[in-house]
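Some notes on the structure that comes next.
We just call them A, B and C in the order they show up, numbering each chain from 1.
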Amino acid sequence: MNTVAQQNPVVSSPTQFAVQKPPSQFLPVALRTAGAWIVALLLFFPLGWLFLTAFKTEQQAISVPPLFLFAPTLENFHEVNSRSDYLLHAMNSLITSLGSTILGLAIAAPAAYSMAFFRTKKTRDILLWMLSTKMMPAVGALLPIYVMAQTAGMLDSVSALIIVFTLSNLPIMVWMLYTSYKDIPPEILEAARMDGATLWKEFRHVVLPLSVGGMASTGLLCLVLSWNEAFWSLNLVAAKAGTLATLIASYSSPEGLFWAKLSAASLLAIAPIVIFGWFSQKQLVQGLTFGAVK
Amino acid sequence: MSSPSSSNTRLLPRALMAPAIGTLFLWMIVPLCMTIYFSLVNYNLMQPGEKTFAGLDNFTYFITDPDFWPAVWNTLVLIGSVIGITVVLGVLLGLLVNDPFPGRGIVRVLLISPFFVMPAVNALLWKHMMMNPNYGVLADLWRNFGLTPVDWLTDWPLLSVIIMVAWQWLPFACLIFITSLQSLDREQMEAARMDGSNAFQRFFYLTVPHLARPMAVVIMIEMIFLLSIFAEIFITTSGGPGNASTNMTFLIYKQSLMNFDVGVASAGALFAVIFANIVSFFLVRMVGKNLD
Amino acid sequence: MAYLQLHQIKKSFDDAHIIKGVDLEIQKGEFIVFVGPSGCGKSTLLRLIAGLEQITSGNLLLDGRDITYAPSGKRDLAMVFQSYALYPHMSVFDNMSFALKLANVSKDEIKTKVQRAAEQLNLTKYLDHTPKQLSGGQRQRVAIGRAIVRAPKVFLFDEPLSNLDAALRGNTRVEIHKLHVALGATTIYVTHDQVEAMTLADRVVVLRDGLIEQVGSPLELYDRPANQFVAQFIGMPSMNMLPAKAIPSFSAATGGRLPADGFLGVRPEGLRVRAGTGRGVDGKVELVEALGSDTLIHVDVGGLQLIARQNERTSLQSGDDVAVELDPSVLHLFNREGRSLAAA
């Protein structure tokens, strides 16, 4: 016969209970696993194909039926790297993305700080107004911006893109920094105040260290959005300040055997951002839905 | 939230907010005013200096452009289809992935990847790799079943664009719904199970209402971003054949940077702005409810 | 002169008057407890003293100095927050030394002071831990240590024990008491728990709706409540409150001093419950709560719910007929408005 101890085992960790919880009823596990994997692989297939093609020779790339097994080669990547205009465009992408991120953070952080810690009745309205500027279609500003850039001689310049990217992403950055500042419990700031901290010391010793994570993820999101930006990149710049988006768009009319190289170029262009994206899922949801989904 | 409120510190918050508010204000107002101004004058970039007042001529010209109504229709079809596909599939995928199973982390990573691909790459990827009638993967698939491959971009331009864009935005919807499903109250589900409900009932009475809000958000956000679909059309079909895959954004672009008719294009842009305003009004209200 | 003086302190947020005029004088070394139901303004009053909220009107003087408009950091006060409010990114040592660092105190002095406080609170081996690695009780002690290190003029505690579980609460309460005896520091302590109030306080301030109902030592409040509210707030279970006409024999026991529209208050220990009928009023047992050391007997007397307390175990059960007797020496008389008349 079981002892009392055996009949009522002491729960040594909460996970003991968790394991015994019945699974949710949406399809049995095996079916779900198979379904999820199939769908995921199907959806990922085009990217996977891009990845494979980058390592093929041009002949292999256009072979009919399409090749799945082949000996990989790095020749495409070598070619891409040695093309100076690829490097130029990549540089431009990097400059515009980083530039707009840093500029954006510099403008957004003080504003978000002010809204989080010096809240007034108007704060909410200001924040909503900022978000609404993001919702205006870019095409509505295309002509004026184009004309202004033309007049200022800034067409095909990196600066124009940096300004446009910064302003496009500013509302999202303010919003995300605002929420990360608000995540700091106000009592901690009150404690700092009681400990004798001035406003600046409060910021430097308490707010800043605690919001570094938020700033990083905001910056990451801005980087992703700027890098992938396609509307202004295609309209405001051309050869000199073109970004990778511009370069890749210029291949829209086929020029013979070039798919493998195009795949390699594309892969290089998207790989870092896709990987960043994997790490910034949560920020993406928060940033792009303006916090409407928790 | 307590804060010292001497007049000294009332200046500081305003100074901190000034750059952001100032620049955004300019960003919003200046183009808007200029667009309104341009829409009321005759202005063609090829004939600078000739800016005569045109009244509502630009608007009439824009609307009576033979491409106008097709563009409106295409825009609606494009937005509607992508939203429909992404929301429905997004919810189903969200449910599929919500509960743990082996490899869930990797599946999630695979599912969200398309969203981070540059639209330009997205466009070319589909145009050359998938949809090319000779060498594309889809062509091969069709041939495997003994069917003639479809020339997607020529015969089904709008559908092709829809597929590309939906592929890119499905992860977004998925992610939103996955996030939202995580916050579904498990205890509520368990109570329902004890009350004797089956899986379908729980889905319709508990899950769907819970998802109503994120669905609304997804629909509205997508409406705003999908209105501006440009790169995919620009790179693949150039709005064609004819105007079969031209949407409002592309039409305005055509007018402005291909015909260089700033006046007419501005008139068109105002239409887009008004439409976006209507949608964003509701979105802002919904977001506002979420802010404390 | 009193160490801390509050003169007609008022606080409103727009149209809401939270504190409606509080006068209070606190002597050096006193342990004062603010107690009252939720929403009475006790935390707000504490925060006004701390400088975390601005006083709308009135004066606050500390050791002769007017600090009504002084910023929190310059008032020489230290506060222990309900949620501890430790700096999550700093070690325990840094948490406790932050204020001193801001005041440019020398490193050696900081080290001495922090280590002394850590010893007093048994935190010495946690000095380089971060708050995340500590238990609730340990974080509590760090919060207290942070205050001690500053050797402020007054310690402010904002419901410090609410987030602890029951056993820990009891222990920490005793620790706080011992600490007060050791340091002799002036302390203002806010709580909604009257047991804490009764055991820790030199004097208790009972607040309701932004006004002080009564100030006095714990036993003073227990034996001589100034009004019905205090009478029923202090003491667990609450004092039995009967309208004068409810049980005539009880009211008669006051010798006619109870007005006909007044109220009679009697604490549970002032009622005696015996089986069967006999001396006293007839009633029926509703519920018996045997706590081990005490026994509470809920009795229904003609529709009225009374609670009696006794030290002995009882064999009474629900439904038994009993007779309830009053001890006339512990009656409290209240007039129609609820103010106390002189006790019997």
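The definition used in the following text is that a contact is a pair of C-beta atoms (placed from the backbone, for glycine too) under 8 Å apart; a residue touches a chain by one contact, two chains touch by 3 or more.
Quick caveat, the model's predicted, so the values are computed rather than measured.
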Item checked: By count of C-beta pairs in contact, the leading pair of chains -> A-B
Item checked: Longest centre-to-centre distance from chain B, chain (CA-based) -> C
Checklist line | By mean Cα position, the chain sitting nearest the middle | finding: A
Margin query: Measuring centre to centre with CA averages, how many angstrom lie between chain B and chain C?
Written below: 58
Margin query: Can you work out the whole-Å distance between the CA centroids of chain A and chain B?
Written below: 16
Item checked: CA centroid of chain A to CA centroid of chain C, Å -> 52
Notebook entry, point to check: Which parts of chain A, given as residue numbers and ranges, touch two or more other chains?
Noted result: 190
Item checked: Where chain B touches two or more other chains at once, by residue number -> 2
Item checked: For chain C, residues that touch 2 or more chains besides their own -> 52, 71
Margin query: Touching residues of chain A toward chain C in the complex: what are they?
Written below: 185, 187-188, 190-198, 201, 205-206, 209-210
Note to self: Give the list of chain A residues in touch with chain B in this complex.
What the structure shows: 23-27, 29, 32-33, 35-37, 39-41, 43-47, 49-50, 53, 61-66, 107-108, 110-111, 113-115, 117-120, 124, 126-128, 130-133, 135-148, 167, 170-171, 174, 186, 190, 199, 224, 227-228, 230-231, 234-235, 244-246, 248-249, 251-252, 254, 259, 262-263, 266, 269-270, 273-274, 276-278, 281-282, 284-285, 288-294
Notebook entry, point to check: Considering the complex alone, what residue numbers of chain C touch chain A?
Noted result: 50-52, 71-74, 77-79, 81-83, 85-89, 98-99, 102-103, 146, 150
Notebook entry, point to check: Can you list the residues on chain B that touch chain A in the complex?
Noted result: 1-3, 9, 12-14, 16-17, 19-21, 23-24, 27-28, 30-32, 34-35, 38, 45, 93, 95-99, 101-104, 106-121, 123-130, 134-135, 137, 140, 143-144, 167, 170-172, 175-176, 179-180, 183, 189, 193, 198-199, 202-203, 213-214, 217-218, 221, 224, 227-228, 230-231, 234-236, 248-249, 252-253, 256-257, 262, 265-266, 269-270, 272-273, 276-277, 279-280, 283-284, 286-288, 290-291
